[in-house]
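You will see chain A twice below: alongside chain B first, and alongside chain C after that.
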Partner chain A sequence: MAADRLQVDTIVIGGGIAGMQAALDLADQGYRVALVEKNPSVGGKMIGLSKVFPTLDCCSCITTPKMAAVAYHDNIDLLTYSEVQSVSRNEQGFVVQVLKKPRYVIDDACTGCRSCELVCPLDLPDDANEFGRTAHRVIYVPFTTAVPQKALIDIDQCVFCGKCLQACPSDAIDFSQLPAFLEIQARSIILATGYQVTRYDAKKQYGAGKLRNVIDGLMMERLLAPTGPYGRVLRPSDGKQPASIAYVQCAGSRDETLGVPYCSRVCCMYAIKQAMLLSGMLPLADITIYYMDIRTFGKGYEQFYRSAQAMGITFVKGKVARITEDADQNPTVRVELIDDHSQVVERKHDLVVLSVGMLPGGDPQALYGVPTSEDGFVRIPNYNVAPATTTQEGVFATGTAIGPMDIVDSIVTASAAAAEVSAYLQSHYAAGSLTDAERSLIHA
Partner chain B sequence: MSYRADPRLMSELKKYGAVNVESCFNCGNCTAVCPLSTEEDSFPRRMIRYAQIGMREKLLSSKELWLCYYCGECTATCPRQADPGEFMAAARRYAIAQYDRLGLARRLYTSAGFNALFLIVLTAALGVFLYSFHGPMATDALQLFQFMPSEVIHNLGVIAGILIAGTVLAGMINMIVRVGNEIKFVKGAPLNWLGAFWETIGEVLVKRRYRQDCEIDAIDQPWYYQKWFVHASILWGFLGLFTATALDYLLELLGIKPTGAWVPPWYPVRLLGTLAGILLMYGATVVIVRRLRQADEAAAHSTPSDWVFLALLWLGGMTGFALEVSIYLPQPGAWSYWMLLAHLVVVGELLVLLPFSKFAHAVYRIVALYVYALKPLPEQVAVAGTAE
Partner chain C sequence: MPDPTAESQTAAAGKINASSPAGAPRIGVYVCECGGNIGETVRCEQVANALGKLANVTIARHYQFMCSDPGQKLITDDITEKGVNRVVVGACSLFLHEQTFRKTVERAGLNPYLYYHIGLREQDSWVHHECPADATAKAIRMMSAGIAKARLMQPLAPVHLDADQRVLVIGGGVAGLRAALSIARRGLPVTLIEKSHFLGGHVAQWEHLFPTDEDAAALLEGLIEEVIAESKITIYTGAEVVSTKGYVGNFDIRIRVQPRGVAKDFAAVDQAIAACPVQVPDEFNFGLTQRKAIYQPYVGCYPASPVIDREHCTRCNECLRVGQNGGIRLDEPPVEIDLKVGAVVVATGFRPYEPFAGEMGYGEFPEVITLPQLERLLATNDRLEWNARPVRRLAMIHCVGSRQIEGMHAPQPDGKVNDYCSRVCCTATLSAANRIHTRFPNVTIYDVYQDIRTYGRGHEDYYVRACKNGVTFLRHLPEEIPEVIRSEKGAEYPLLVKVKDRLTWGEEIELPVDLVVLSVGIMPSPISDLVDMLKIAPGNDRFLLEVHPKLRPVETAVAGVVLAGTAQGPMTVQESCAAAEAAATKVAVLLSRGKVELEPYVAQVDPERCQGVGECVCVCPQEGAIHLETRIENGKMLRRAVVTAANCNGCGVCVSVCPSRAIDVQGWRLDGFEAMVEAITAETPALEGVA
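Here is the complex of A and B:
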């Protein structure tokens, strides 16, 4: 099968906040950009979060305009539900083979009306977005604000009843769709492959994921988000509103037994932010944050921490060593009160949130030949001088692909990457960006 | 009360086997994961902190060092892999060396060369000294105590016992004075002096806390392979053999049975010795195998002092059994006499090393457990209140 061909100045791998920001910054300067996202929608982790710290701005309100912008920008070719298969070098830069996974829904025809969802008879747990706490249909639009607003079918679960076929007003359903291959000729590559959270079931001492009322920070984000599964905070075991919530800091970072010796930089702040939001949603709840050190290093972060203390959130110095549960599945933490005569105490809470950290989102070595640092994130050899330049010429990296960082820093480094790529393109391809003719899809 | 900071404390402790402990960032995981840490007595983090900031006296006056049974849970979960469990072991070695005013323990612990030399010299000296008392080796029948007169063994044993007990007592007093400084009971309040004594004896003999608290992660192991039992079997074995020996001497003093008189294997004192010997050999063998295999956190680091102590225990048991077998052999060989000499030398070495080696933990742990158990008696008023 002959592959479609696309020619661009830069290909951005990953459609999270960093990838979108870099793509937009370059596209706005007139460069042609391809943005490749493996999920059915762009938006990355950020679109699922509740509020950003320290301003408590709404995450959706910052992310959705950018999602729409990358979808409709004249200089951006957005390839969702697509994965890079191979990368090779030639005189013009890189040849990137992209696999477009079949949605079984024709992109151009689907209007996102969701008529198909209404008639589909099967529900599946929404593991990708809601940790299985809600359901979606077999044919579904990934989430309310997904971009593109187009349906896809989980073909492994489909029973081919044909109801969606009848319901679709634009005849967009196509059960016979096959994977499509796209060859992209790119002058540069930006890796914005993001992060994954450390596993909340990694520690045997924290119940190894078996304690039902022990969740992780991302799960709590969904409970707090306006678009979340319940629209309120309920604990998993019995749907009770928790009256006592504990945060266990460094539950996935700064722990050599987990192979994560580094600090993930966001956990202190997101825990404080969530504690503040919880104080608003559950005004009577006791909220305790068990920490080793509170690291509030960014602009306005220390003030944020002090505000949380002033709001009555309790900060307890001491690393939680064990979490057990009683007969009612109330988690009990065992901790040394370092600031209170080193007493070892066991305290019962209704809900415990593990402040999990960040792990690299992908392995850049295999596809892009980009080495990683000891921590597994993309190695940036001269971070102080060129914060997005990898060891491979023409390959740049940004956002949490290069190390743990928060949303603010992801956006900053993404813009930095765009500036570096722009300079690279200007110096290596003096003519500047591609012409419209060069850029257009060539159907071989 | 003020304290002097000793900046060399950490490097001192490293000589006693503390590894990587300076990387500790005091998160408290070790203390909270420790099944024995309580509101009143928490360790190991506080001990590590003392070491980090050079509070030598605080460290040496901490009974907590001796409350630890080294289950290894802190080391397994330490986020900095600072090995708190081994730190506690190293601090105990340091304390043994510091409580010993003769300075012998310090040299034995910090210099493997001196340790080896000392053992060689001690073995030779004891061997030659004991051999100088030897009598004829009867060949028609086994006459062990003709070769090595029992009065000599008994008298030497009593003299050595008194000397060693004195040394041990000096170390104990040294520890008690220090640990006592840290006890902060209300002056004049009545304490459970006797209750604490029984509690201590109970913990030493049946190891309830070792068994119930420290082995929470070892429930899948058979009881005879759990650490508390292995340790208890060495202890029970040792105490049993000590009792059997003392009783045997007592029987002679009372004129009931002269030492060395032939008795059947089921004779009570002989039976006690045999059973205790089996326990000692079992425990010592399991521990040695574990340390060779580095089976867990606690067995991962072994100092020369650990090996010497275990080897002497094992050799003492082994030579003892060889002697017992030779007694019941129809045709005992001349090797039996040499085995007796070897047995006496090994046991002598064990006794001599008691105040200066790992063996000293037997004394210091008992002191610590006693102080731990010591609590003010419930107030009379409270009792009256409940009666109403």
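Here is the complex of A and C:
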């Protein structure tokens, strides 16, 4: 694993699907790659999803092999639970200082057997993965399919009872662990810092997060996932199986008042997907999607929309003006039915899902000097022809860091970034800034 | 950590690396729940328990996600700790995860071909989800067949071959240009062929590109300049593929290059064009104007020298009479060139949907044109006029030839309707509307749509601007198709568009207009010959099909043939370029080492059994895959069949005709099949108590 200094061709920031794909594409060509992920596991948002459109593959089937591949690839140094502290330029490209946060568990020793979890006496809500709907111990492996399968300790919550110390068969626990620093000399940088969802409590008209049976798309993904908290779909307030579920589209996108005027591109499709999965799991439930425009633009997506209609999912053109709740906490949606003489009606549902949109996952300006566009995503000066090249020489960006997009497009743009980076690297090696021995590595 | 590449390279040298299984088979059996995809139907625990009782099964497990790291670790641990030397996985499809599990067993030091995959998802749980008990019984039978095969499996080594590093890029639109550039910059030589006589594809025909509003000509010029400057790229225009042979790393491709008929340095271009008496509709302006038989499509095109359109040239020799002698040759024959390439990028692009006669008045009323035609109209005129009359009101109708509904729309000649969204037309329409508004602020614009799909980065802005620019939007339901009819005689506007507008309570609205613009969709270029030659496949929507949209989004089922741009489906320029660069990356991964790896599933002759009859040679469909050799052994002349692994595709036809059962396909030997059939049909004790 990583030494204190590392020399690589590329450092990829962000271990979501885009970052992993870019890293694998370069490593498969013989380039050396460091992949830096701030969370304890790679996988990004995708590993938390249920099944994924348009093929309805189980998302783990697509993600987990790539997670394993980045962990085992000879040309990739995987640095999880790590963050970039500073970046500077030198003759050979960039000097990147990376902080490895202490897990309080020795990486090389931990086998992921989870014996520690069995004895740890304290439970914490799993906010990172399950929106607090389940719990994990103070010492825990982030989730079943996490890579690496290594435990970590939430040291702020630990009472140092020492039970895990005794239980660990590999003597992997080390309460005195300190942050480690690593200096990476990199020829180029790829930003794959992904996205966040727009806040589901941002809109006063939609209850500002106070209505218990109004959730967002990502929360619904967890309810639908086979690895999810309940193994079935239950509504938050009373654990009842919802018989009537509504989707409110563009809840957080195409909305100037929220500062998100753009379309988030994935929400139509994920709402339709979730509706289809729901009607499989709850065959008797009524599912309604309130929308402004259905944007099923991708390959096979329009057909996906048609199938959903054929399955009996109701699509209603109308912008939801307000959501309130009744005494039983049933959310009530006030909507103008545009296709039905624009009458304004109130409709009661058991559960409402806000189809929240996408915001950039980070601001690359401070560390990398990379400006963003008005929409907050990384600015790509030659957007049409060189979709991964930023304004800073040697710095590239991909996946949802350059704008909302789905998994297919994230993977394609990641491979595109790999092409731009490899061309950039070749131009340097051709210019003789590498020794012959180093260059021969590339063509090995 | 073992280095997988190093390992397979030693294997190539003829030595099988790592753990040729010593002694009896010790089989590890793994049943994957695939989240719930399998586990919700097949009782995986029961399957594992049943299989655990079979002979040679050392361990049988079930797990939620075998492909995840913890799942893979179960396998590697069993190999290193329990001495498992054969692995059978029952999971999703082979296509998805064969490579994953091969790498897993290899990491633990086992030969990757000592693993066998059973497709429990596609072949069992998905098709029998109504009957879990039967599905469980079937899983047991399928898996016991796999186990029966595994008992007989032997280590194999992939075939390693030198690969040609040259790449053929077919199509010189933005996608082909971008792919060529990226591949060349990666260090691989490229041949780029373009069927027409000019580079650039459709982008050459547009004025300004969304979402950047940049000048399309400037974008193209920049890209073409970079391509020309790249010494590793050879370009042929007027060129098409005529035949293909071979396989990844070793394709033999013949192309035919049509002569331009005009020398590069021919100076009297304008005079020659003026002299030509032929007039044909100019496809560059989508038939809005006429061109000569000797022509240049537009100013600034590349190559700049004009070309002679052989189909329409009457050989009247008028052009020969002007300017220099010898600059023009009317009867030069085409040239054929043989290329050896390692991979092929298909970037043949799209064609706009052509409405049929009478569809929304197209072809019936001259005032109905398509969006591509409008683009050319705007590009070539200072005023917005049609039939010499100013356009005061204009209606743009979306989704013509897209999002069609069976039974409601007329099908294409192949019997299918275009049920997909063409993705670019919404923003392209609004972009045109905004440009019209800026240049001709007095023109009234109606936009007739179902859904506005301004999905991409910066696209929504065009919608917002169009609203601010006063474009009037009318929304109809898919099944309430708008109509275009002739106005009554003497009416102020020649056409009426009838829309049942859902934004105004479903009222039937009539829009009197001067011009109707149909936002036509995108269809793939007609390339059925090429598709056949390359043995790739179009999907149901006729666009070329990728292996898997997420796992291998730009690769086809034929190794070494990849897709770039709109040949695969509707895309914007940015998306076409991204796909082209992704294609370049896949090609680089394949070829940058100068070697390719092929599956070892090739025919193998047992020289002891072979009688030299030669039936196999007669039936083999692959050139050079099997031949007879004569040698002298102990004073006797022997004839024996010999396989050339590189040319064999493992189809097994030879196996079926050999009278002495001397041939087998490695990895798929007959004894393996027999054992599998026996296991499937046996009264398996493992099935007790299941169904």
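As a convention for this text, the second predicted complex is superposed on the first by the 427 of 444 C-alpha atoms of A that agree within 3 Å, B and C clash if a C-alpha of one lies under 4 Å from a C-alpha of the other, contacts with A are read in each partner's own complex, and residues count from 1 in each chain.
Note that in this section contacts are C-beta pairs under 8 Å (C-beta built on N, C-alpha and C of every residue); 3 or more make two chains touch, one makes a residue touch a chain.
All values reported here derive from a predicted model rather than from experimental measurement.
K.L.:
In the superposed arrangement, which partner chain does A:P371 touch: chain B (first), chain C (second), both, or neither?
P.N.:
neither
K.L.:
Check whether A:P121 is in contact with chain B, with chain C, with both or with neither, and answer first, second, both or neither.
P.N.:
It touches nothing on chain B or chain C.
K.L.:
Using the superposition on chain A described above, determine whether A:T413 touches chain B (first), chain C (second), both, or neither.
P.N.:
It touches chain C, and chain B stays clear.
K.L.:
Output check: A:D57 vs chain B and chain C. Expected answer is one of first, second, both, neither. What do you get?
P.N.:
Second partner only, chain C.
K.L.:
Check the residue A:G162 against both partner chains and state whether it touches chain B (first), chain C (second), both, or neither.
P.N.:
Once the two structures are laid over each other on A, A:G162 reaches no partner at all.
K.L.:
Quick one: name whichever of chain B and chain C touches more residues of chain A.
P.N.:
Comparing touch counts on chain A for chain B and chain C gives C.
K.L.:
I'd like to know which partner A:V335 touches here: chain B for first, chain C for second, both or neither.
P.N.:
Only chain B is touched by A:V335; chain C is not.
K.L.:
Is A:G312 touching anything from chain B or chain C once the two structures are fitted on A? First, second, both or neither.
P.N.:
In the superposition, A:G312 contacts neither chain B nor chain C.
K.L.:
Hey, what residues of chain A end up touching chain B and chain C alike?
P.N.:
Shared contact residues on chain A (touching chain B in one complex, chain C in the other): 254, 317, 338, 342.
K.L.:
Can you tell me which positions in chain C touch chain A when the two form their complex?
P.N.:
1, 3-5, 33-37, 39, 64-65, 67-73, 92, 96-97, 100, 103-104, 107, 174, 178, 182, 185-187, 209, 211-212, 214, 219, 222-223, 403, 419-421, 423, 451-461, 464, 475, 477, 502-503, 505-506, 541, 543, 548-551, 553-554, 568-570, 572-575, 577-582, 584-586, 588-589, 592-594
K.L.:
What residues of chain B sit close enough to touch chain A in their complex?
P.N.:
By the definition above, chain B touches chain A via 25-34, 37-40, 42, 45-46, 76-81.
K.L.:
Touching residues of chain A toward chain C in the complex: what are they?
P.N.:
Against chain C, chain A makes touches at 25, 28-30, 51-52, 54-55, 57-58, 60-62, 64-65, 67-69, 71-72, 74, 112, 144-149, 225-227, 254, 261-263, 265, 293-303, 306, 317, 338-339, 341-342, 375, 377, 383-388, 402-404, 407-409, 411-413, 415-420, 422-423, 426-427, 442-444.
K.L.:
Would you tell me which residues of chain A are touching chain B in their complex?
P.N.:
205, 250, 254-257, 292, 317-322, 334-336, 338, 342-345
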